[in-house]
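Same chain, two partners: chain A is paired with chain B first, then with chain C.
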Partner chain A sequence: MDPAVRNLLLRILRKIPTGKLEETLTKWTHLSRTQQQSLNYSQSKWILHENIVYLCEENGLTMKHVSELDMIYCMENPTSATWRACQLTDAEDDASSVELISFKEQFKAHLSELIRNVSIKIKKHDDESIWIRIAWGDHFSKPNHLKPTYVVHYLQTPYVFICNLSSKNKLLLHQALVLATKHGSIKDANLSGRSFHAVRDLLMGHYNKTFPTSHSRPLKERNLSPTHPNIVKEHIEQAEKRQQLAREAFGEGTVPKLERATYTLETRFRGGSGIDTFIDSERPFKTVVTFESKSLLASLRHCVSSGMAESPVSPLLSSITQKGRNYFVITDKTNKGPDMTTQSFRSNV
Partner chain B sequence: MRALGFQSDDPEELKKKERLHRLKCRTLSLRMQRNKLKAQIQMIKETKAALDEGFSPDSNGGENRAKCSQLILPLLMARHTELKDMLKAHHLIGGYDLVEVDGGRRVCLSLSTAYKDTCLDTYHLELDLTRGVRIHRHDIPPCIPLTSLAQENLQTDLPAFLNTLRQHVSALASRLHQVKLIKERLKTVRVMETNSLCSVLVLMCKITGDEDTAILFSLLYRDPIRALPTQVTLESNDKSLPDEPQWKETKSLFLELPPHQALLVLKNKGKIM
Partner chain C sequence: MDVRRSDVDSATTPTRQRQSWRNSVRTLNTTTRPLFYSGVLTAPRVSTVRRRSNAHQIDNDVDPNQMALLVKEKWELSRVTPMYNFRYTELKAYSKNLSAFLLEEKQQGTAAAVAGYDKVFAVTFSTISGVAKTKDDAETVFIQINSKPVFAAAGDAPKVVWSGWLTCVRAAPQYLQSLPPEFVCLPVFCSSGAQSLTFLVQSWFERTFDCSFGSLDLSPTDLQWLAAIWTSYHNERKIRSLKLKWTLPSEPPLDVTMAVDGQDAWDLWDSTHQQEDANDIYIEHVKRFLNCIETHFYRHFNIHLSAGVLKRVATEGASVHIDGKVKICPEYLPSTMELLTECAILRMPL
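Let's look at the complex of A and B:
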């Protein structure tokens, strides 16, 4: 077996935890049943991996098959790197009738035209998403399978999720995507995170959003913790109102597990509370504020419902769910208007 | 004791007198209750008569003012109940359910979808009414082109915008439901391909009597507001099969009936397994 292939295979096997190894190999289907049964998963990792490599050599597997194994593992467990979201804009008229086969062909054709020596693999996941694995090479070298880029796209939606893309190849990938999906351009959606599911769920709206209704919903779940009948909560109305506002701004139940939100402020320092040293009306006072948490949206929701953050929820925080982004740039409104103290968002292009 | 005027201190007699007194009090209170109820009935009769005659709390007929003033409150209450019942009925038949939020600056609507007699998901839309109509937040799936629909007529013609949006959303919900029904009821048919907008549906069926021949129906839904396909193509690994007239007829069947019903018809006729 080619040493590069062997090297890649060993790397992939080391990445997969032993618990998941068996089912991943079954999904891969390149080892026969008897071969799989002959593997002893309780042996030490090193010996187990050597056995698998030996079986693969027996079957004469190549780089193509090994990269498929990498893809199958990544599709089930996509948390190895930072995922960024991009948005396709200016859809052409027939963009809504792009279907799987034509997308596959177009994408492969366009990308191969733009750069030689690139290895592309496209697979369809059970939930109708298209996964693309790209190993980049250039005119002089073969594709590098050790650092592949993964792209996920749901057809007929304008969102694309990318991980592990170097800036060198960014333009090429964007061009190929734009042509294959029949849109005009693609832009960064200012949303990134380590958990693919969180990024996808936030942007595609796959979580419970609450909306105010005048009629009671058919099933009202109320987790009223048992309280003593002699205890009267004075501020129960305000507490319920805060809870409702928190739920409307950040969702109900399990929310996507975003890890951070970054606000870059390019505003002028205005002083107040006696700090006069930084006032400089000419230059902006650059600050970066980052909120980090295991599950940012759940923490913010708790802050609002318990009264730690003021309600109604500040649009700075509610924009995370409303606009589906976690990177914001805040600038002063520096225009003709008489009101110079308001602040505005500016999208980071 | 006799000097104070008490009668004989026979305990039995005392008890009887107490009981009599209590009963007299009870009759008095019952009579009061009866009078109250009679007055209420009378008022309701008068209100009903007034409503039947066409009085409304807004009208100010001159000569009837005396009569009206007594009845204004009950008339208002009757109208209030009537309006509330109408709103509830509207909500049940799937109306838009407008709710004002934030002191009238924002408005929240709900679009309910259904297929035949099954209620499906409800989608919501929150509109910001300060400085023109803008969409504040929504939970409509991203495969529906909300921004392009909004650009067309959100500012100018809100009912038309809501109508088109509702058509899109209902059609999507119906198509998704049809795929779900196929997967539940027809386990022998394989759904090979579909997408989030359900604009493409590819089904693989096996032919009765011949284990190796499979037939592939590709249904294309080019019109996003219709729940029936616009184009049907047949493919099979037996090349001559799609040209047979009986199979050509099935194409028109798929254009007229929703896929799960069309497949059931074919199954009953014995053409597919």
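Let's look at the complex of A and C:
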């Protein structure tokens, strides 16, 4: 076996937790059933990996097969790097008629035309998404399989999700995508996160949304000993209202797991309390605000329902779900209308 | 702790504003010392005003090579009670004693994990002059632990495995004067290196000088002070951004970081801070400065930052974490250490 292939195989194996190894190898199908049964998963990782490499050598597997293993693992566990969302724009008339085979051919043809020594692998996932693994090389070097770029696209939608893309190859990939999907251009959707599913669900709106409703929810009967029934009733009503607002803004139940949201504020100073320097001037008070949490939407929802955030929910925060973005540049509207407090969103592409 | 809290609260009300430290600093210069607090040891109180040091003066006070040692690392803070019979003339002996102590501990297996069995520790004690600002402050003591192989080859440079220093900057004079003369007060202990070594050094000090170490956690108010003080040095040391990090107790916890543009932060500070005496900083100004930033945030996001805790303040040159971790740059050193000295004295067990 080529040392490069062996090296890549070992690296991929090290990445996969032992608990998931058996399942991943079964999906891979390049080891026979008897070969798989000969593996002892309770052995130490090091011996187990050496045994797998031995079996692969026996089967004469090449770089093509090994990179497929990487792809299978990534498709099942797309949480290892930051995923950035992009949006295709200016669809041509026949954009909706693009199907898998023509996309595959077109994409491969365009990208290999733009750059030599590139290794492309395309697979369809069970949920109709197309997964593309690209190992980049250049005129003088072979494709580097250690740092592949992954691209996920849902046909007939404008959404593309990319991870591990260097700025050097960005233009090439964008061009190949635009041509293969029959669109005019592609732009950054200002949304990124470590979980592919969260980014996708947020952008494509696949999560439990609660829609605004003016109907009051029926109150449950409670066996409390109230100090004053009206006060208790009012408290319950307020709490329920906050809960409702929180759900409307950030979703219900399990929400997409987003890690952060960033706002570049270039707005006039609103700190007040007699500080005139910034109030009089048109100069913005420049601040970058970052929200971080293990699950940002769940945290924000809790902030609203617990009262740390006051109602109404700031449009800047609800825009995360409404616009499916987590990167914003906020400026004041330039025209001096009567409403001085409104802000405008300017996307940063 | 309770004493401190109540004082912080009362500090925000203007009635007590100009009574405490400002007077003390001024009267010190004119040699008349009014009676300050009765029973100083039982009731040290937190300052409501601090004096900025002149940045140019700092450069000349401390030897640049020694300054480099102080600003290189991120330090973990502890507080130390006054040390009995600590003598600056005995530093060489202390170096030997501590080396021997570490060797002994290593033979018992405690410190071996840090250096390995084939290494020995060499400790050096030295003083750093210029950090202390008044004649009552004891000189800063710097300790470095090197490890070197038992059979060192000619080219083997000793490796620094641990460093630490004890300092005292503008400690309350009435506190220092209340101590018996055989005690040396160096209340702030900064350490950087393996925890096990920190522990051993501390226990050596405790045995040798009959003192005791404790953790030096800071309060959000201390962090607010530092945010304001560091911003006030913008003309001496340009800040690109002033970073403030709050943690809100939501489920899961939410971290909010505001990185305010350095020039904007300074302009805001400048307009918050009345210009009557540029070198005095009052707690009301600090509170107002932070309040303005929090309000600016609230007007955009409708979230009360006051529901959370200010956990970290940082500029390019320095950072401080509420858990008692600090990194400093030369310009900020005197003011920061003065504040930490005060914190350490306030947290002394009585």
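Simple rule for what comes next: the second predicted complex is superposed on the first by the 301 of 349 C-alpha atoms of A that agree within 3 Å, B and C clash if a C-alpha of one lies under 4 Å from a C-alpha of the other, contacts with A are read in each partner's own complex, and residues count from 1 in each chain.
The working rule: contacts are C-beta pairs under 8 Å (C-beta built on N, C-alpha and C of every residue); 3 or more make two chains touch, one makes a residue touch a chain.
Model, not experiment: these values are computed from the prediction.
> Per the overlay, which chain contacts more chain A residues, chain B or chain C?
Higher number of touched chain A residues: C.
> Return first, second, both or neither, reflecting whether A:V289 touches chain B, chain C, both chains, or no partner chain.
Only chain C is touched by A:V289; chain B is not.
> Please indicate which partner A:T331 is in contact with in the superposed arrangement: first for chain B, second for chain C, both, or neither.
Touch partners of A:T331: none, neither chain B nor chain C.
> Quick check on the superposed pair: does A:E128 touch chain B, chain C, both, or neither? Answer first, second, both or neither.
The answer is first: A:E128 touches chain B but not chain C.
> Counting only touches as set out at the top, which of chain B and chain C does A:V313 meet: first, second, both, neither?
A:V313: touches chain C, not chain B.
> With both complexes superposed on chain A, which partner does A:N51 reach: first (chain B), second (chain C), both or neither?
It touches nothing on chain B or chain C.
> Go through chain A and flag every residue that touches chain B in one model and chain C in the other.
On chain A, the overlap between the chain B and chain C contacts is residues 312.
> Quick check: in the complex, which residue numbers of chain B touch chain A?
Per the stated touch rule, the residues are 87-88, 91, 97, 99, 101-102, 108, 110, 124, 126, 136-137, 139-143, 145, 148, 193-197, 199-200, 220, 222, 224.
> Can you tell me which positions in chain C touch chain A when the two form their complex?
Touch residues, chain C against chain A: 241, 248-261, 264, 267-268, 270-272, 288, 291-297, 299-304, 307-308.
> How about chain A: which of its residues touch chain B in the complex?
For this pair, the touching residues of chain A are 91, 96-97, 99-100, 128, 154-159, 203-205, 209, 211-215, 312, 321-322.
> Going by the contact rule set out above, which residues of chain A touch chain C in the complex?
So the residues of chain A touching chain C come out as 263, 265, 267, 269-273, 275-278, 285-296, 298-300, 302-303, 306, 308-314, 316-317, 330, 341, 343.
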